[in-house]
Amino acid sequence: MISVGIIGGTGYTGKYLLEFIQKHENVSEYTIYANNSAGSQLLDIFPELLGVIENQTIKSVDNLSYSHDLYFISLPHGESLKYVPLLLEKAIKVIDLGGDYRLDSEKLYKEWYQFDHTSADLLATKVYGLADINNEKTLNSEFIANPGCYPTSIQLALIPFLRFYANKIISISSVSYSGASGAGKSPKTELLLSELDGNVKAYNVNKHRHQPEIEQELKKYGMNSPFAFTTHLLPIARGIYSTSTIHLNSEISEEEISEKYLTEYANSKFVRMRNVPPELKWVVNTNFCDINISAKNKTVIITSTIDNLIKGASGQAIQNMNKMFGWNETLGLLNTKNN
Amino acid sequence: MISVGIIGGTGYTGKYLLEFIQKHENVSEYTIYANNSAGSQLLDIFPELLGVIENQTIKSVDNLSYSHDLYFISLPHGESLKYVPLLLEKAIKVIDLGGDYRLDSEKLYKEWYQFDHTSADLLATKVYGLADINNEKTLNSEFIANPGCYPTSIQLALIPFLRFYANKIISISSVSYSGASGAGKSPKTELLLSELDGNVKAYNVNKHRHQPEIEQELKKYGMNSPFAFTTHLLPIARGIYSTSTIHLNSEISEEEISEKYLTEYANSKFVRMRNVPPELKWVVNTNFCDINISAKNKTVIITSTIDNLIKGASGQAIQNMNKMFGWNETLGLLNTKNN
Amino acid sequence: MISVGIIGGTGYTGKYLLEFIQKHENVSEYTIYANNSAGSQLLDIFPELLGVIENQTIKSVDNLSYSHDLYFISLPHGESLKYVPLLLEKAIKVIDLGGDYRLDSEKLYKEWYQFDHTSADLLATKVYGLADINNEKTLNSEFIANPGCYPTSIQLALIPFLRFYANKIISISSVSYSGASGAGKSPKTELLLSELDGNVKAYNVNKHRHQPEIEQELKKYGMNSPFAFTTHLLPIARGIYSTSTIHLNSEISEEEISEKYLTEYANSKFVRMRNVPPELKWVVNTNFCDINISAKNKTVIITSTIDNLIKGASGQAIQNMNKMFGWNETLGLLNTKNN
Amino acid sequence: MISVGIIGGTGYTGKYLLEFIQKHENVSEYTIYANNSAGSQLLDIFPELLGVIENQTIKSVDNLSYSHDLYFISLPHGESLKYVPLLLEKAIKVIDLGGDYRLDSEKLYKEWYQFDHTSADLLATKVYGLADINNEKTLNSEFIANPGCYPTSIQLALIPFLRFYANKIISISSVSYSGASGAGKSPKTELLLSELDGNVKAYNVNKHRHQPEIEQELKKYGMNSPFAFTTHLLPIARGIYSTSTIHLNSEISEEEISEKYLTEYANSKFVRMRNVPPELKWVVNTNFCDINISAKNKTVIITSTIDNLIKGASGQAIQNMNKMFGWNETLGLLNTKNN
């Protein structure tokens, strides 16, 4: 049994983190630390959790204790920098749900995140927590940078392909659509239901921060072709749907590719290979990533879908916690009897 | 041909007002005056109107001219008070889309709107512009208080009933559901798509400002029974659906009641009696109000539906303009050849 | 540990029943029986449950065994009549999620359900399973008629009021809005997303089958005033929101009423009293019913909300199963550590 | 003034066709012919048009007259074959909204549409009515195959690029999302709101019938690179959003490309170039296609959006009618005073 601190976590991601933590059989207690909501009652922030969680007063992050075995950090970009070095120094485990340590290169932070990284030495010590791929690395690790939501959906879809066919690829074009919860809980006119109802739009085209993250990781699996990535807003709250189009220089059969994926994910509890394009609703409210392969002539279309708040954030963070402590990876995550 | 000034009108209501005005064959020109958006280009506020309207710079309301034949005012509560007296003094026609002059009693403003009315003498001079009922009053009038959205849907549903059966009524309970555009364009967390998607909630229960407006008007048609009114938010952008339950002290047949309504609205171009409960989508993007009567034993259920931004605001305002100037009431409002 | 049979259960209600059953710690095994889908694989019907439930072949209801300790029946109206008598005769426990045994009077079936009841003697033996009210009756019972979805939301909202104030009531008017899943999974043009997107409509006005069910039960708690009930379709999949307007012949304070409700539900695990109108999303995907009381002058507005597929069907059925077998009522229903 | 026959047209496309036709100043009368709905009243099919259109009895297509100046055909695949040859033989103008004559090659019909084309000689005589590109061809033409919805959105986005840069392209990957109205009005479980609410899915991957149509046309503008096209269903009724990713063999600046598009569409009334990614809602209920270009390094992302029922069907058909008869192309299509 461990004690857990959650820094931030009063946003949409935080809610699910909280739900998973409160029912996790190996977590004995948890404390929430925040900036603006410090002093508030947790149930005033999440009234829907009445009767499910114990109420508690949210503590100020200024009074952060170092008494927990593990800290989850769920803060805006640049804010994790303040806490991660202090925690690691005290040999406390950390899972950072933000982007501050996902990239390997200090320079990329300046270019894509517009800040100077103040603990660049730690970039090399983090484990990139793509749980279903980086099984051994995350096991018993100390510091995990939890992957971004889009990167999770795209990497799980592409890595097995790259392992085998990187040199046959002419180009990869990934197009993702996300529910609006990915844009956070801060009030902005453009995120009002009155604006988004029945609406769709591309955003951050050619400048989304998840692009360097995806490219960095895919190159580790041999990607040497041009890669593009475009993000869109869906008129719904939750879920990510990613469609990756791969143009090949020679045909590969759908059967052969599918076989490779089935082998890759044979032991994965959370990646489900599908023989039809998955539906987003199949994964909403779960930690699953559903993937389908369609190949014809020299074109391969890979569709993949996740819940952005769970597999794309809190669920994968819990999966990473389970592995950090050497527990069964599905603990608290599968809605089944033996979990 | 007239010239029109629009004060306010950069919100959701304003957009439709603008669309109606720009294509109205009897309006030769219009100018937009605003507070915060003064100096902005109209097409930056409403990019969807590119190619439909001529662009113009929004003028500051501080530099309001008195050169137009008619002013529409679409401002937050309490703001119309600043302009209406000045305009009327100059014998300029005014249609106020806000609530500042809808009530007859100064006292009610203190109780329901929490402000002191600074031109209470004008309350008696306004015409309450329920266009499909107050036909003669609105004709050639000088100053119209355009009805609230909920009140429009409920009054059109109840007034014919009250004319004939007021003394048979034990109680009336109206329940309305509105799309989120009724709550405006200012960013608030509670209006985010991520909050409202798949959601419903009652709000302002027993304290909605449209309640005294409805009661005031219905009493003019003989209502002497208890009346209640409850408002809810729908997870969509547009439309109001109102359900009024009337308990009677003796049965009246559905046929008899329906007959009365058909007679009442025989000449109305914008009230459509239905023999099944109307669908909200039938009226969205139109100036129609659709109404159905269902009676069984001593219970009468009247359903009525409008587009909150059109029949509940801008469309009815245009209908009122048409009548103020003695034009055909449907001018610019019906999507037909002869209109 | 018990063995469970599910008859029907391949619709929307069935999915959640299945999910609750598969993870329930006191259920060792279950079998699905159906008509049209007999012979199909369960995972072909519910592909989203891959990795969560064990697959099984759906058996034909024609080969119904009598080997289970409890049968849930989730069939269209009139179909339960075929199985309930046979099961009860063999002293097997039954929870019927349909309406075939909810009413006490044979005559009402002819009037509202248009069928002749073939086992009217059993109407008196069933326990009406409004779990949070009929605590003692459901305990260790043999045959439960699981309440309708709308009736659950309205009875939980009104019964405590009736217990204390029945004689002060002039009239009650309940207006409910439901997500489209309540209308089932059979394809009909009127239920297409293209028809319902952004849409709302009243339906079955003055003739909804849940009306006699609600009246029958409320009269047991003293209701002697006129009651009306109107149902509407929301443009979302799940949830019911009910607004009950009560006109009184003398004022009662909000505090006094709220106090009574808090006492009534002090021990309820699934009714949550709220001091603001509840949001539908607070209860979606849970077995909770959230209730708020607002009183002003002689008007009381009670808002209540449930998930129609859970509290309004499968969740309450599981709650009833727990009580039939004398287990902790929350078993398998609360998403918490100790449940 | 002309007389118009509409064959089919009781589906979603038909509704808007009807609305445009009834208010078009150069159409004096119109008659609807249909199969299943023959004998029905038009207002029973489209109750929302009460007060807007004159009612009429839908005639049977078996009693098709040849008395109109122009016929619109809006029928399922393969059905136009029955009427087009007969009409053209009598020198009557035809606009076919279906796919039966869009492709140039008889063989492709067998492969993609699974039928034998019975009037393949007419494939060469049709004009492919991509109105904003094929200006001269559609002018005064006799027989127009109205483009598919997806092809309209993608061709308008790509043709100007191909004109100038075809040889710099490594690959094109178009990903489109469409509202559910594109899938028609026939009841299917998979199209129920309960299934699609909050949902997204790819469909017809690598086998959508619009793919050969797009490729056929783009090749006319020099496309010699691999092209892929993937379609998805949005959880809303209307609109198409297409994102085309182009990988280049050498960089071209965004400014240069945008300049080319502005020139190409300088005289277009219905293509609006945008300097931000367009929002789908900007075009819903209009005949506009909004396009944005984003270029960075060797990647170009072109987003384009239309209303699938208007620009993607009925609106473009009216635009084509206007050009067939040599009228102002915007007649009846722009919601402005001078139109």
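A, B, C and D label the chains in the order they appear, each numbered from 1.
Convention: contacts are C-beta pairs under 8 Å (C-beta built on N, C-alpha and C of every residue); 3 or more make two chains touch, one makes a residue touch a chain.
Fair warning: this is a prediction, and the values are worked out from it, not measured in the lab.
When you average the Cα atoms of each chain and compare centres, the chain farthest from subunit B turns out to be A.
For the pairs B-D and B-C, the count of C-beta pairs in contact is higher at B-C. Remark: subunit B and subunit C have CA centroids separated by 39 Å (rounded to whole angstrom). Each chain gets a centre from the mean of its Cα atoms; for subunit A and subunit B, those two points are 46 Å apart.
Chain centres here are Cα averages; for subunit B and subunit D they lie 37 Å apart. In subunit A, the residues that reach two or more other chains under the touch definition are 195, 197-198, 235-237, 279, 281.
Of all residues in subunit D, only 12, 179-181, 183, 185-189, 191-198, 235-237 touch subunit C in the complex they form. Those residues of subunit C whose C-beta lies close enough to touch subunit A in the complex are 19, 22-25, 47-48, 50-53, 197-198, 269-270, 272, 274, 279, 281-283, 285, 288, 334-337. Put simply, subunit B touches subunit C in their complex at residues 170-171, 173, 175, 177, 195, 198-203, 205-207, 226, 228, 230, 232, 234-239, 241, 243, 245, 247, 277-281, 284, 292, 294-296, 298-299, 301, 303, 305.
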